[in-house]
Amino acid sequence: MTTDFWFACIGAVLIAMALFTFIRHTHLLRRILAFNIMGSGVFLILVGLAQHQRQTDPVPQALVLTGIVVAVAATALALIIFRRFYQLSGRTELDEDQQ
Amino acid sequence: MQFAFDSMLGLGLLACAAGVFWSRDLFRSVVMFIAFGLLLALTWVRLEAPDLALAEAAIGAGLTGVLLLDAIGHLRQHNEHSPRNHWLLPLLCCIALALLLILSFNARPEASISLPQLVAESLPESGVEHPITAVLLNFRSYDTLLEIAVLLVAAVVAMALNDGLAAAARTSTEQSNRDPVLAGFTSRLAPVILLVAIYVLWAGSYMPGGAFQGGAILAAGLVLLKLADFHIERYAESLLRLGLAFGFLVFLAVATSVMIGGRPFLTYPEAFAGQFILFIEAVLTFSIGLILFSLFNQSPGQEVPHDN
Amino acid sequence: MTAFWWTVAALLLVTLLAGLIRIWRGPNPADRMLAAQLFGTTGVAILLLLAQAMQTPALNDVALVPALLAVVAMVAFVRRARPEAEEPE
Amino acid sequence: MIYLQYLLVGAGCLFFIVGTLGLLRFPDTFTRIHAITKADNLGLGLLMLGLLPSTESLPQALKLILIWLLVLAASATASYLIAHYVKAQSPDALPHADTTSEEQD
């Protein structure tokens, strides 16, 4: 078990945990958090798996670097939309999620 | 000892994620998420990706955490309603997904071409010495061009969602109570942050660093200034708005202007590739910093949310 | 020498992860943010040690960033976080 | 020289452990602020001193010192801010210290 492979496995578990939270919880802020961690899991798999059994690989690293910056922009936008939604409706969950 | 370090780091990541997911108090989730970001930066170091560690540290400490804390500061209550009742089927599916992913790691086919080798071979032609910068701004510069476009779109959407509200909020906090210690500290730290951002940008051509990391650090510096009640955007609003699109436009202009010389889109003349890349990176750093800052600055609900 | 750096880094990681307990237990938001502050400082220390242990001086640059920006999250908390409303709904 | 390095880094590590212990064991927020700002900054300083002889060049060494100074300044400000925040949240949190801390406000 190399370092790269170990962290790729951690990434897989993170994705599964985040997906579970995403399905189970309806609070939008928690969903944004879960989505972020899911993204981190994907990044870990991308870099870890590509470097497994080989030397460091600049191509997935560059891809993930773009991914990290896009992810923070997406998070910021999601938070802005969430806060506007909260401001207008006073709710933190979507309509179809209310029981 | 290396092994112990890695195992603890991995388990720490999982523990933080579990804390984010299963705490009822959302504020606790957010702080756990900040801790998760720092552990992730350490993980990138262990995966020998210092570029990613730089970006993660800058974004995690300076931006994501701030955005989340700002958002949660405007929620009336931090506790969540009870989650959904049906959980068994999703749980089983997610466990199956994790197992499937890990099993598939071993079954994947060997790649027929070795990308690291290709990059290493063509590195001398790229004009920079650091392979990741070469990939981002020369070999795969399409990705970077489109990425800055995505960021620009995000900033424009944020502005469209918030037109007028930010201005109203700004006048309402006109007589803000500026903390003297914080203001003094910020006014001394801000030049250092700017210097480090430029250093990271400059270092990108021969060692870990570059436009994204520099831009993230710059954005964090602007956010700090804003939090300490230095209203920079009031003095130079039109300039800031122009700066948002500047990176994308300059990149596009450079990319198309090489076509006049008969070259394909987005290929630089080899002799000047280094200068071209540094120029584009400098503009990108500036633009990325401004875009990320404006995504923070445009957040609605600076004033107290509705009362109905 | 390298083994020593690794040992110290692992020890520091243990203290870092122990800080998670304080984030979890709280009891009030300020305590949680304090623990996050501890993460910043200890993280810088671990990065410096890893720079020695892995023989990559570039990691010192990585350590520079959390040292520079650790305070930003704290400022955001102090300036923007409001206490929870008294009655829930 | 190497033994000195061992000693300094070991002592630094010890301070980090003590700081975390303080964070976990101290009874209230104000005492916890002491634990992390004092112990951890001293720990980082010792660690940095221990690492200095191993750096390759003068700029690297200066960078280490810069990092320490930055952390010192940031911790000082952060502890001030959080103490102020906690005091504003619960003015009666410091029953015995009211007379002394009033002057600073």
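In order of appearance the chains are A, B, C and D, and numbering begins at 1 in each one.
Methods note: contacts are C-beta pairs under 8 Å (C-beta built on N, C-alpha and C of every residue); 3 or more make two chains touch, one makes a residue touch a chain.
Protein identities per chain, from UniProt: A = Na+/H+ antiporter subunit C; B = Sodium:proton antiporter; C = Multiple resistance and pH regulation protein F; D = Na+/H+ antiporter subunit G.
Just so it is clear, the structure is predicted and the values come from calculations on it, not from any experiment.
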Chain pair, A-B or B-D, that carries the greater number of C-beta contacts: A-B
Mind checking the centre-to-centre distance between chain A (Na+/H+ antiporter subunit C) and chain C? Centres are C-alpha means, answer in whole Å. 21
How many angstrom lie between the CA centroids of chain C and chain D (Na+/H+ antiporter subunit G), rounded to a whole number? 12
Could you tell me the distance, in whole angstrom, between the mean C-alpha positions of chain B (Sodium:proton antiporter) and chain D (Na+/H+ antiporter subunit G)? 28
Two or more other chains touching the same residue: where does that happen in chain D (Na+/H+ antiporter subunit G)? 70, 74, 77, 81, 84
Shared-interface residues of chain C (touching two or more other chains) are 16, 19, 33, 35, 40, 61, 64, 68, 70-71, 75, 77
Going by residue number, chain A (Na+/H+ antiporter subunit C) touches two or more other chains at none
Touch-based graph of the chains, sorted into line, ring, star, complete or other: other
State which pairs of chains touch, listing all of them. A-B, B-C, B-D, C-D
State the interface residues of chain D (Na+/H+ antiporter subunit G) toward chain C in the complex, per the touch definition above. 2, 6, 9-10, 12-13, 16-17, 19-20, 23-24, 29, 32-33, 36, 40-41, 43-44, 47-48, 51, 54-56, 60, 63-64, 66-67, 70-71, 74-75, 77-78, 81-82, 84-86, 89
Would you mind writing out the residues of chain B (Sodium:proton antiporter) in touch with chain D (Na+/H+ antiporter subunit G) in their complex? 179, 181-182, 185, 188-189, 192
Partner chain A (Na+/H+ antiporter subunit C), residues of chain B (Sodium:proton antiporter) touching it in the complex: 2, 6-7, 10, 13-14, 17-18, 20-22, 26, 29-30, 33, 36, 40, 43-44, 46-49, 51-52, 55-56, 59, 63-64, 67-68, 71-72, 74-75, 80-81, 83-84, 87, 90-91, 94-95, 97-98, 101-102, 105, 108, 114-116, 119, 131-132, 134-136, 140, 143-144, 147, 150-151, 154-155, 157-158, 161-162, 210, 212, 215-216, 288, 291-292, 295-296, 298-301, 305-306, 308
Chain B (Sodium:proton antiporter) contact footprint on chain A (Na+/H+ antiporter subunit C) (complex, rising order): 3-10, 12-21, 23-27, 29-30, 33-34, 36-37, 40, 43-45, 47-49, 51-52, 54-59, 61-66, 68-70, 72-77, 79-84, 86-88, 90, 92-93, 99
Using the touch rule from the top, collect the residues of chain D (Na+/H+ antiporter subunit G) that touch chain B (Sodium:proton antiporter) in their complex. 70, 73-74, 77, 80-81, 84
